[in-house]
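Both complexes shown next keep chain A, but they swap its partner, so chain B is in the first and chain C is in the second.
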Partner chain A sequence: MIATLTTGDFIRRNGLIIAFAAILAIVALSAPTFLTVGNLLGVLRQIAIVGTIAVGVTFVVISGRLDLSVGSGLTFLSVLVVSQHNQIGPAGALAVTLCCGLLIGACNGFLVAYLRFDSLIATLAMLSLLQGVTIWYSGGANVNVADSTTWFSFFGRGSVLGIPAPVLLLVLGAAVAGFVLMRTRFGRAVFAVGGNETASIFSGIAAPRIVFATYLISGLATACAAIIMGSRVMGAQSTIGQGYELTVLAGIILGGTSLLGGYGSIWRTIVGVAMLGFIENGLILMGFPYYVQWLVTWAIVIMAVWIDLAAKRGRLLA
Partner chain B sequence: MAGETILSIEGVSKNFPGVRALKDVSFDVRAGEVHALMGENGAGKSTLMKVLAGLYRPDGGRIMHKGEEVDIRTPLEARDRGILLIHQELSLSPELSVAENIFLGSWPTKGLGILNKRKLNSDAGRVLDALGCDFRPTTRVGTLSIARKQMVEIARAQAFNASVVIFDEPTASLTDTEKEKLFSIIADLKARNVGIVYISHKMNEIFEITDRVTVLRDGVLQGTVNTADATVETLTRMMIGRALDSFFTRARSNFGAEVLRVEGMAKKGLFENISFSVREGEVLGLYGLIGAGRSEVAETLFGVRRADAGRLFWKGGEIPFPTPRQAIDLGLCLAPESRKEQGLVIGMGGRENITLPHLGLFSRLGIMNRERETQVFTRYRETLEIKTTGPSQRVGNLSGGNQQKFVLAKWLCNKPRLLILDEPTRGIDVGSKSVIHALIAKLAEEGLAVIVISSEMPEVLGVSHRILTMSEGAFNGEFTGEAMTEENLIDAVSRHRESSSSRRARTAA
Partner chain C sequence: MTQSLTQPALSGHKGMARTILLRSHIWLFLLAACVFFSVVSPYFLTVNNLANVLTQSAFIGILAIGMTLVMINGEIDLSVGATLALACALAIGLHNGGASAPVAIAAALLAGTAMGLLNGSLVALSGMHSFVVTLGALIGIRGLVFVYTGGNALLVNDFEYTEIPEVYLGQISLTAMIFFALVLFFQWFLTSTRHGREAYAVGDNVEAARDAGIRVGRHKLINFTLCGFLAALSGVLLSMRLGTAEPQAGRSWELWAIIAVVLGGTRLKGGYGDMWRTLGGVLALAVVQNGLRLLNTPNYVELIVMGLVLLLALGLDRIMLLGTRKGE
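Let's turn to the complex of A and B:
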């Protein structure tokens, strides 16, 4: 009954880490400035924003749904947090932003979980709606933090023991999220609903409630990311979050979380997002024009999905 | 030619991570024979057939087809060689039409890849007519019953002029009438010199239709014998290495208090005027043809469907119809009929599947207690003799019968008050079947009320204290003691049909 582990098995199981190491090595070799502390910290700060959102969206994806509204959610919430900061101060701004994030999640969740809208359509509609709301709210103008001396600047610019605050926040959030997903009753239910919704209902799980909750988490994560973003830029404008929904999704896919639901993890998402961040940075350091990163990113995502499919097919035929 | 070997496997092995599914197995199929493949759950039957059908590549050994060594790499290649597998878990595309499913992968075109729908449908229609099917080529497969879906798969075999047809537990979800129809189709195939492989756990079927029997145990060939020379005892001994004492053990018959009473429950289009009660320690059998509405009644009691009318009494007090969560918390549990769709999350491990309905019991402050989960897993793995490599092995990778055991374990582990078992032993081997029947008897002895829904007559007759027959959405007979006989049940089920059709005739007149 003992089967030996083949090299193929090893690659299949640890493919993600191997790919990550390979990419780091390639980038480090071809761009000498890559491995400087300043550069790495910069990349990590950038990753932190995408990563924070992706952590939340991972819940949605594992439950078998999508959330494409996070890009314009990020835009709106960034604009919101900066404007509110100027009006009611940092504490109030944070509270309002987190609440609005939850509200956006609740709207998505209500449409998808209770009214049974297709998640792609519901969250695309939300994406578009929030674009409109942002323009309406800000009049399309850029907003800037008037008083940059408040503690609000900590989230994007501060650091603790040399570690940038955004990175710290991401690590903290990811740890909590990972624990919730892997160790709690709720996390178990998320996997069950994504893996087989009917069977989860036959097991007494209130599937709609679980799906609703994943959207709340996604909304909350987007609000956190918006706070980091606003604090880092010390301002916001109506295109600031454009395209983030796809970057987030790309990171999740690259990490190997299944878009069909029922399979995935937070650490996979983090590694996937980090990979994207390093690739992007490497390309810029190597002197490619910025738009090349879009091509490369998606080429890599497509490849990752293809390898994954091939591996699955191989497993069936192996 | 009849009797000529069409397909043979020589020394085939197959390993999965941590599991040796087949070891050096040889097997052959002759033209015009029905060759039974038997063995316990997880013995490797389905795996062996998947090797033949191009779904798995063997790790060693060779496959000979019509005298030459062949390499079957994909299901399409297998089909082109005339080898067709009718899966244990049917594998049709529910969104496609019957015709599209039959010719999947080789749809006729008008050139340029444009589908020739008319030809597709007329070709399919011809095959369906020849089989005597009562549905149209354009019907969406998702709307068909299991028996009809199976007919679609058989039609596929017919359409491609298969020379070897493999049936993997085809009767697991068929009623007797449907089974008879299947057997006549098999006889037909046999007469046309098709070689047939027939996998089943049901002894009577083996003796009824097969010519030879091959037995596997733990992936190892135990031998091939002529059915005429075999007996139930010899086959059982080959399969499990010992003889079985008794198949059914019935619990005592002095019951406790009433657990559940249903009055006038109805759901439009599914069932009407359902009234019955069940008491502590009682095993109530529900017998009827597939489509009679038994599962729908069970699902309504459990709360996954909503009733239109009716009253529910739990331990004497009236309660509103529960949600599944409320039902489980009361102790009213349902082990559903379809393990893949309703019973299990196949991407999760056995441990996670068992505890899924009881997350509250296995957690504190919302945090899961893995250790206790593993303990329960280990306990049921032993009691039900489940073959799995460990608590986190995906149940999707288990054999059909072993998956079914997890469906049962899921509900047994929580000491329910009333347990509804919908086709509890579907796909389960003879040895484990008696283990499960004994378990049902023991639980009833301890005061559990059980409702057993089964299309298997011997099972219903064997485990129940009382049997209700159901037909076309209504109860039409109740039998206890001496009156629980095969004839009576068949009679009840068919009597209602007559009376309802004569009733219809009367209203028409």
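Let's turn to the complex of A and C:
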């Protein structure tokens, strides 16, 4: 049987790449300084934090859940890594932050996977809780890295062979995450649970355990992002991660990963987050005020999801 | 298994007592919170303070009314906080620009309604999930607010504008009265109009509702439009109370509105809930916030308590579901 490639199929398979190329072309043509190595590396450095979190949250979304707590989590963990750095040094601070990231993930995972709370509300409660914990921990004050000469500064400010360290970390994290999602039994189980949870349970998958694990990954990714953030800013304050959960979700949705679960990939998430980053950078280079990017994001998110949906069902309207 | 989640079954006297207890948990919680704060703070149980709580609760409360409508449909509206800011900025900006107060208010309400209509149309026409549509709108409408205000706070020139809501019935402010009137109206709307009853049908089972002849797309469109209008109304009232329009006004208030509605016991999955629950949730939220502030607790306690209360509400909801399933 010869498969005929319809327009719908073509858009569905290559739409994201076409859109990404189109946006790059438009931005490059309108802002001549866009295509300079310095600028591009700057944008990549900027999207590394959102990208790192988004890689983790992609697991949660593919399993059919949401994680709104990552913004608050980023705030808390950034404050934590900076204060611990001042108290117990860089190695201890990293260990504590990664452990706390896993702990936050475990709390979310326990509530959603084992108590079977609605993921939106449960992680919303965690958002509020973590905000409170942050202010309790820091007293609402800004924290700064006292000794900025330690190797801690590598994660946000360092570079290897001219490539910024945050970008390397993101690429490394994305590669590992992509491998786990696409090439391991666990990864396939995540898709199965998101696609049809009941069927996955009947086929012998321990769905709660899989969901729990996706939240652990999300927590760990948030901790990594917090380390990059703390190292880049060399400090933290109690609103530093506010709203990141929305940017992360917008990037994931833009990449075409379905919020209903069962479909998506790491590279799609990275492209989605990169698209948002390049649009933001391009608009600023073109001389627009920073808030114009929000209007463009609105239009692009709606268009991207609608076109994706229309291609799937072969009709524009529901 | 899941068919009778809309109306938890009453099975036997013991079951009934348990169900009533669990169904009205938000009012019991509110009562307990009021008793607790009355005992520990001498300032809580005063007419002045309680009247203040009512006024303060009205802004989130009016958002929560719209959210309840949408959530009974099984949808969600994340853009209400941004819509509130848009209405707030337009009302003050247009009034400063020479429009009379009624004209400015009408334009602000119209803009909010238009945003709701846009969200509703996108949900109905495209078949996208409302979470995606309104997440986009949350980002974009905030962008509109910044474009309109240039990112600066607007201060009203005409101070008579801030005196419009200074009408009191006893101690109760006009803002609070509007909130209660809307709760009453929309409760009537839900229980006694065709549209209201259809809201439950759509939220419970979309396919069945469609088969029964309900025009689901149009139905949801109406609810999103109402939600946008109510958000704008809350924004206009806020602009009068504050006399300023911050471009970041109402930021993350959509989350507080969702928390209030869920706290009341309305379910995110749709098909279940009413305005009394939402009123209970809104008041509980306001009483806890007010009480903790009277006790001079640092503000992180409030955030932690709200998170825990929300988890408690989710836990109760689960127990209630399990209880009804056993009763069948």
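Everything that follows uses one rule, which is that the second predicted complex is superposed on the first by the 308 of 318 C-alpha atoms of A that agree within 3 Å, B and C clash if a C-alpha of one lies under 4 Å from a C-alpha of the other, contacts with A are read in each partner's own complex, and residues count from 1 in each chain.
Throughout what follows, a residue touches a chain if its C-beta (ideal position, glycine included) is under 8 Å from a C-beta of that chain, and two chains touch if they have at least 3 such contacts.
Just so we're clear, the structure is a prediction, and the values are computed from it rather than from any experiment.
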{"item": "Clash or fit (per the criteria above) of chain B with chain C on chain A", "value": "clash"}
{"item": "Partner chain(s) touched by A:L246 [first = chain B, second = chain C, both, neither]", "value": "second"}
{"item": "First, second, both or neither for A:Q131, with chain B first and chain C second", "value": "second"}
{"item": "Chain B versus chain C as contact partner of A:Y114, first or second or both or neither", "value": "neither"}
{"item": "Which partner reaches more residues of chain A (counting touched residues only), chain B or chain C", "value": "C"}
{"item": "Partner chain(s) touched by A:A206 [first = chain B, second = chain C, both, neither]", "value": "first"}
{"item": "Stretch in clash, chain B with chain C, out of 45-53, 81-89 or 99-107", "value": "99-107"}
{"item": "Overlapping contact positions on chain A, where the chain C interface meets the chain B interface", "value": "317-318"}
{"item": "Complex contacts: residues of chain C adjacent to chain A", "value": "76, 122, 124-129, 131-133, 135-144, 146-147, 150-151, 217, 255, 258-259, 262, 268-269, 298-308, 310-311, 314-315, 318"}
{"item": "Chain C-touching residues of chain A, taken from the complex the two chains share", "value": "111, 115-118, 120-122, 124-129, 131-136, 140, 246, 249-250, 253, 259-260, 289, 291-295, 297-299, 301-302, 305-306, 309-310, 313, 317-318"}
{"item": "In the complex with chain B, residue positions of chain A that touch it", "value": "1-3, 5, 9, 183-186, 188-189, 191-192, 195-196, 198-206, 262-263, 316-318"}
{"item": "Residues of chain B that touch chain A when the two form their complex", "value": "15-20, 55-57, 73, 302, 304, 323-325, 327-329, 334, 336, 341-348, 352, 356-357, 359-360, 363, 366-368, 410"}
